[in-house]
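Shared between the two complexes below is chain A, which has chain B as its partner in the first and chain C in the second.
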Partner chain A sequence: MPDSSSPTSVRRRLRQGRDRLATVLVTAGGIGVIAALLAIGVFLAVEVVPLFWPTGTTQAVSQQALWLPMEGSADPARYRWDPTTTLGTDEAARVSLVPLAWGTLEAAAWALLIAVPLALGAAAHSALFMSPRLRSRLKPTLELMEALPGVVIGFVAGLVLAPWVERHLADVLAMLVLLVPGLLLAGGLWSRLPPRLQQAMPLGWAGLWLVPWLLLLLSAAHALSPWLEAWAFGGDLRHWLEVRLGLDVAVRNAIIVGMAMGFAVMPSVYALAEDALSGVPRSLAEGAQALGATRWQTLWRVVLPAASPGIFSAVMIGAGRAVGETMIVLMASGNAALMTWNPLDGLRSLAATIAIELPEAGPGGLHYRLLLLAALLLFVFTFLVNTLAELVRTRLRRRYRRLGGGA
Partner chain B sequence: MRPVSGSRARLPRGEGPGAWLAAGSVALSLLALLALLSLLAVRGLEHFWPAPVALVVLEDGRQLAGERVREVPLPEGTGRERLYRTGNRDLYGTRWEWVAVSAIAEVSHPPDLVVLERRRWGEAIGRLTALESETGERVEGEGAWPALEARLAELTSLRQARDALRDEVILPRVRALEEGGDVDRELATANARLRALQAAMEGGRLTLATADGGRLAVPLEQVLRVRRPNAMSPFDKLVAWGEGVWRFLSEGPRAANTAGGVWPAIFGTVLMVMLMSILVTPFGVLAAIYLNEVAHQGRLTRLVRIAVRNLAGVPSIVYGVFGLGVFVYGIGGTLDEWFFDAALPSPTFGTGGLLWASLTLALLTLPVVIVATEEGLARIPDQQREGALALGATRLEMLSRVVLPMATPAMLTGVILAVARAAGEVAPLMLVGVAKLAPQVPVDGDFPFLHLDRKFMHLGYHIFDAAFHGGDVQAAMPLVYATALLLVLVILVLNLTAIFLRHHLSTRHGALTRR
Partner chain C sequence: MSAILRHCFASSLLLVMLGAPQAQAQAQAQAEEIAGTLGAVGSDTMAGLMLRWGEALTRQHPGIRLQLQASGSASAPPALVAGTTRLGPMSRPMNEAERRAFIERHGYPPRQLAVARDALVVVVHRHNPLESLGHRELDAIFSDSRRCGASEGVLRWRQLGLDRPEGRIRLHGRNAASGTQGLFRRIALCDGHFRPEVNEHPGSAAVVAAVAEDPRAIGYAGLNHLTPGVKALARREAEGVRHFPDPEAVRRGDYALSRDLYLYLNHPPGESLPAAERAFLDLVLSPAGQSIVEELGFVALPEARRQRQRQRQGLVLDEAGR
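And then the complex of A and B:
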């Protein structure tokens, strides 16, 4: 096309100009969006600063009031969070963040205590034993479980589960006692079955056919609980707890929060742990099994150590979610800012406190800034935990590549 | 490889107890999920089924009529007690009654028990004794029920005529009058017709005899619906169930969110999520393209990528705090000072509203969209890009004609996941603009039609509010179950769409065909 050289060069310059303009726009837009996202941390930090270096309009709060016990007070609880009645009055400000941080960590700890064994067990089972067909169905199912909104789980936990558990405390205890022996019994019975039945109910599908067995265990626990209560606890477990152990039993308590939040956190821990376990190069597991190890021994001695950084990062991500979850704690915990070791008492978390109190706290005031400090704590904690998990995961991926390459 | 017989003998002993505990944790998780979903489904749907009304005669001769709600064991372990919904709150002060099972002498289900749904005071339960029309005619006994049904149908058509008159005749005339038109006479005749219709609706009332011998007079305009559940056939009940579900989806809430429907909440949720996805899609895609295609792939980009990924794990309430501090108080407060200072000190944009809620949720879901789009972009082989460039395309043409079309399913997946997350998120909304009760939806016929500054209702917050802040939680529970079921269904459908799209995406990229 020699004769059309001049219009072509104009068109080409136009195209290149358009290209350059688009690149500049994409760059500006991309950097803008990312800066807006990162601005969250900056905003929180800037708003919190006047708490510690007063600028004239706002007074400062001493570090002591926030973190240390109150001195010389007759109050038996030496850490109190009570800003609405004490700020702006002559009384000493009771704005200790310690009970809130305590409540947050306690709720997260109970949630992890329930979620981590369940998630790791499920991950181990689905990475090693489960039939591929069931596994390809189970993963999306648990993803759907992860997507269940916190407000629904919190409602069920606070208004259905909590009153039920309060009335059937002994049932729950009996179920806990029966769960492990019951599952082992299932294993023992299964090995006694004739081979044809064993083939009909293989271990690979145990995740499904154990569900009715668990229902059977539940009803057995329900039937046994009055007997258990009469035998070990003098007929009334709740009375026994209150009198003998001195434990208050609140309807909405840390255990309920732990159960609900464990349910909510379990799928994300499972997904990451399963990825880590099934990402371990097959050559390792095959080598161990060729040397005569059973699949469980392979898991315990070879696969789990190789995947342990991935498991750790899965647990970390779960902890991050549990610490920041708002609606479940808000609806299932009773929101009393207590600091006790008693798992049957209520608690109040940082996130729930923000959700309850921030709409009423006027902008710029001391209360507002205290709540922003709470938000900053949550932000920093989750950001650090997630970064740690991400770094560990990146390193793990590199290790797998090396191991896989060597095979 | 061991022989088959040896492997069978080895399995139970060799795999050990751990394998069974691991399998048990899968089963336990599935059981918990199943239990939650079936609880929501059963409780959410059974409320709309017309429950039989029992007439209970107690040992001491007292009688009560009501729907049986549940039965629980007494705390001392001696017998059980039943909860009945007896209605008639204006007579008894409560609409619930606990009865010890041992105190019940007889339970029957007479077909002539009537359940009235009223505008105020909830439902009334009793026997229809008389119907009085506005002219003073009185129908008693057997004839009262057909007369009541006929009269209620008549009232419904009168009400429709009144609404039509108001919307189609009077309101346009009033608008014309404001613009200086001469329509006084037409307006006067229309108003006279309206008053006549109004008068035709007033005055009638019915009398119920309650089970314990009380007497309840109810003006007919207070009555929403009547039914005799014990006399209904299963088909009638099915029709009533369908109507109940439809009313739940299409009506606004009544009686402090303990009765009525959730239409404004559905509308608010959908509108907010739509606005959010309109905001989040272009920005998320832009940021992903920048990170993956334009930016220099160095240490800084990697750090930014990790940071964005981690922002997906930051608690949603923190985003809510940011939205309140920056959008509502910061930007909203400034907008008010500049453009709406006539309305100050009552804020226009300086308080939570639809716009700020969608913006906050857009920010919250931005990492989801960025990460999903980036994954899609990274999966496209470099040969595709190099091929386009080698054929003389500029980078913009390469991106817009080759790369983006291939990454579309990934973007869609990201947006759908973002929508699913946003639809279930409540905590940040409590800070930036959700309302307990906003019967006016934020879209109407007044300029500018879409009111971004208005507060709105949300399904998730409706659950929280009705379950924890309502006066009579017991009465609100069935509706809370139904709302929760609705929310879960919406989110499940969105997630299934995302899963389907992702599956589609991976099979398509396996073949690597364009379009």
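And then the complex of A and C:
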């Protein structure tokens, strides 16, 4: 009909216009984000250049001072970060970024060591075994944990957790010794329960079975710790560590940072890994079970490989966050630029150093540029981690696509 | 804790607008002609002091507001050079490079005005039996360069002749690049280097809090941050005299770890100060201004020095009006 066609065409043209506008806006937004990212990198690089190729006003810092140990130094700490006291004097510059990079990686490693097993275990359990009702409660709670600001976690870790752990070192050790085998034992006990009880608490709810055991084991650890300390460590664990192993115990140490940052990283690793695991088509798992695989075999041989790209990127995102996290490390690490293997020593990260020192460093000065170099290092590092994660993820995804697994 | 939270935002501007609308009624007749906004950029140690002085000034002259940006002493010289502010509170004197930059830009040196005294105290846990430290011992504890002449480093409490607390001494201090850390390094470490083990906190309050919860800890902090949880140590000089960091010793300069707090002014020589700035300096050096200093835990300037400063700045000498 000719008379109804004209309003339709107007409407169509309007819709096309709207679509085009949306496309332009989305494209502009995407390009804007990429441009902003590039601009940050370029800005940092440009600001850092005078460190190496001095212009008239600033002098250069030698590569050796940045990356190599101090020469002819008698003291054991040969990598030193001490820019304010040595720059602009005739002393050898102590501006090694090595201890800061070390601290950053050490903190991230401890955080991942604590977060990844817990997060992946929780993800596998909640995606595959947990009852939907329990899962619908658990997931939002863990996501709420993710929204907790780093300052709050750092505050609690540095001012509450760290002194407590320091005072109750033996308790913490006893917990470590008791919890892992104790909880495994409790899990095994569940399968031996009389069938009537097992029906009252099916596999989906078995997680709750562990809660009383957890409380019991914690109080047992607390009760046993003085005895353990007296029996194995001559009454004073700290003294024993110092004399036997030569380890000093700092109040704010790498373990505390790892615990706090692990807590911060865990929810995001959990959420991504859980999505990846529950994205694996049920048909795969059901097929495996129909062929006679146990639940455990299904998880280990079928579901985990199919979800591995997603799990890998979850861990990498966790690593990226742990490397860049500032406030937790700033408040819980003690900011001592040490380079030791002792997990009970303090550490200092690149991000925390930038946060503390940049406000006091005069713009354009040598110290300022050094801090920007540290920022560039962080930028490059997270860029590499994320790129690597993406590459591995696409490759793994291609390999497992024939399984029909999504990620 | 507030110090840490403050530092979370230290790189952004900390803008504090001051106003005291309730003071309108008590306005003095001669005061009403002075009005304007004073901008100040600089030390965070002096932030509380500047705020209180600003409040007192607005009470006297309701037309004047003080706008403060407190992001560290190092932020004052660039702001003064660029002309974005005329007042720069600093917790340390300007160094040569900063001074030179100012003269290059403006053609005259900045005016320096000491406005209060502050001291650094060495603190230990309240149950620590230690009462005093010699200057060599202090250097041997905090530094590994030992430029003050100690023969060996002090790592354990036992080396100080104490059997309690046991174990290693845990060191706490301010972050690198802060004025406080610089002063401690210059005086207590004889320009040496801190041990890398020193825990660096982004504020004196955080140092005191860390020391208060650990019997093995020692730290240094600004005098005005002392809490009941920690004990301040006296300083033993070479002749065996002990100086406790009490206001009297700080004012006289007997306690070596003390310093002046400064206001720097961009003020061309020969010109008279703008009325608002003049009123502010007047207030700062007046007994009322100095009693604010004492209230906040700093130490007031001795009377004679205050008079000298007032004369040098060409401020009015009568104090009858205040």
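Quick note on the criterion: the second predicted complex is superposed on the first by the 349 of 407 C-alpha atoms of A that agree within 3 Å, B and C clash if a C-alpha of one lies under 4 Å from a C-alpha of the other, contacts with A are read in each partner's own complex, and residues count from 1 in each chain.
Following the convention adopted for this analysis, a contact is a pair of C-beta atoms (placed from the backbone, for glycine too) under 8 Å apart; a residue touches a chain by one contact, two chains touch by 3 or more.
Worth saying up front: this structure is predicted, and the values here are computed from it rather than measured.
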**Request:** Classify the contacts of A:Ala220 with the two partner chains as first (chain B alone), second (chain C alone), both, or neither.
**Result:** neither
**Prompt:** So, A:Val48: does it touch chain B (first), chain C (second), both, or neither?
**Reply:** neither
**Request:** Give one of first, second, both or neither to describe whether A:Leu142 is in contact with chain B, with chain C, with both, or with none.
**Result:** first
**Item:** chain B versus chain C as contact partner of A:Leu338, first or second or both or neither
**Value:** second
**Message:** For A:Phe155, using the defined touch cut-off, is the partner it touches chain B, chain C, both, or neither? Pick first, second, both or neither.
**Reply:** both
**Asked** For chain A, which side has the bigger count of touched residues, chain B or chain C?
**Response** B
**Message:** Taking the superposition on A as described, I'd like to know which of chain B and chain C A:Pro363 touches: first, second, both or neither.
**Reply:** both
**Request:** Applying the touch criterion given at the start, work out whether A:Thr387 contacts chain B, chain C, both or neither, answering first, second, both or neither.
**Result:** first
**Request:** Name the contact category of A:Glu325: first (chain B only), second (chain C only), both, or neither.
**Result:** first
**Prompt:** Touch check for A:Arg80: first (chain B), second (chain C), both, or neither?
**Reply:** second
**Message:** Under the contact rule defined above, give the chain A residues that sit at the interface with chain B and also at the interface with chain C.
**Reply:** 151, 155, 159, 327, 330-331, 355, 358-359, 363
**Request:** Can you check the complex and tell me which residues of chain C touch chain A?
**Result:** 1, 4-5, 7-8, 10-11, 71-75, 77-78, 97-98, 144, 166-168, 170, 175-178, 181-182, 185, 191, 193-194, 196-202, 209-210, 213-214, 217
**Fill in**
Given the complex, residues on chain B that touch chain A span 8, 10-34, 36, 39-40, 72, 77, 283-284, 286-287, 289-291, 293-295, 304, 306-311, 313-322, 324-326, 329, 333, 363, 366-367, 370, 394-397, 399, 420-421, 423-427, 430-431, 460-461, 463-464, 467-468, 473, 477, 480, 484, 487-488, 491-492, 495-496, 499
**Request:** Over in the complex, which chain A residues touch chain B? Could you list them?
**Result:** 15-16, 18-19, 22-23, 26-27, 29-31, 33-34, 36-40, 43-44, 47, 117-122, 124-126, 129-130, 138, 140-145, 147-156, 158-160, 167, 179-180, 183-184, 186-188, 190-191, 195, 198, 203, 206-208, 210-211, 213-215, 226, 263, 266, 270, 294-297, 299-300, 317, 320-321, 323-327, 330-331, 351, 354-355, 358-359, 363, 371-372, 375, 378-379, 382-383, 385-387, 390-391
**Message:** Under the stated contact criterion, what part of chain A meets chain C in this complex?
**Reply:** 75, 77, 80-86, 88, 94, 99, 151, 155, 159, 163, 166, 238-239, 242, 248, 250-252, 327, 330-331, 334-338, 346, 348, 355-363, 367
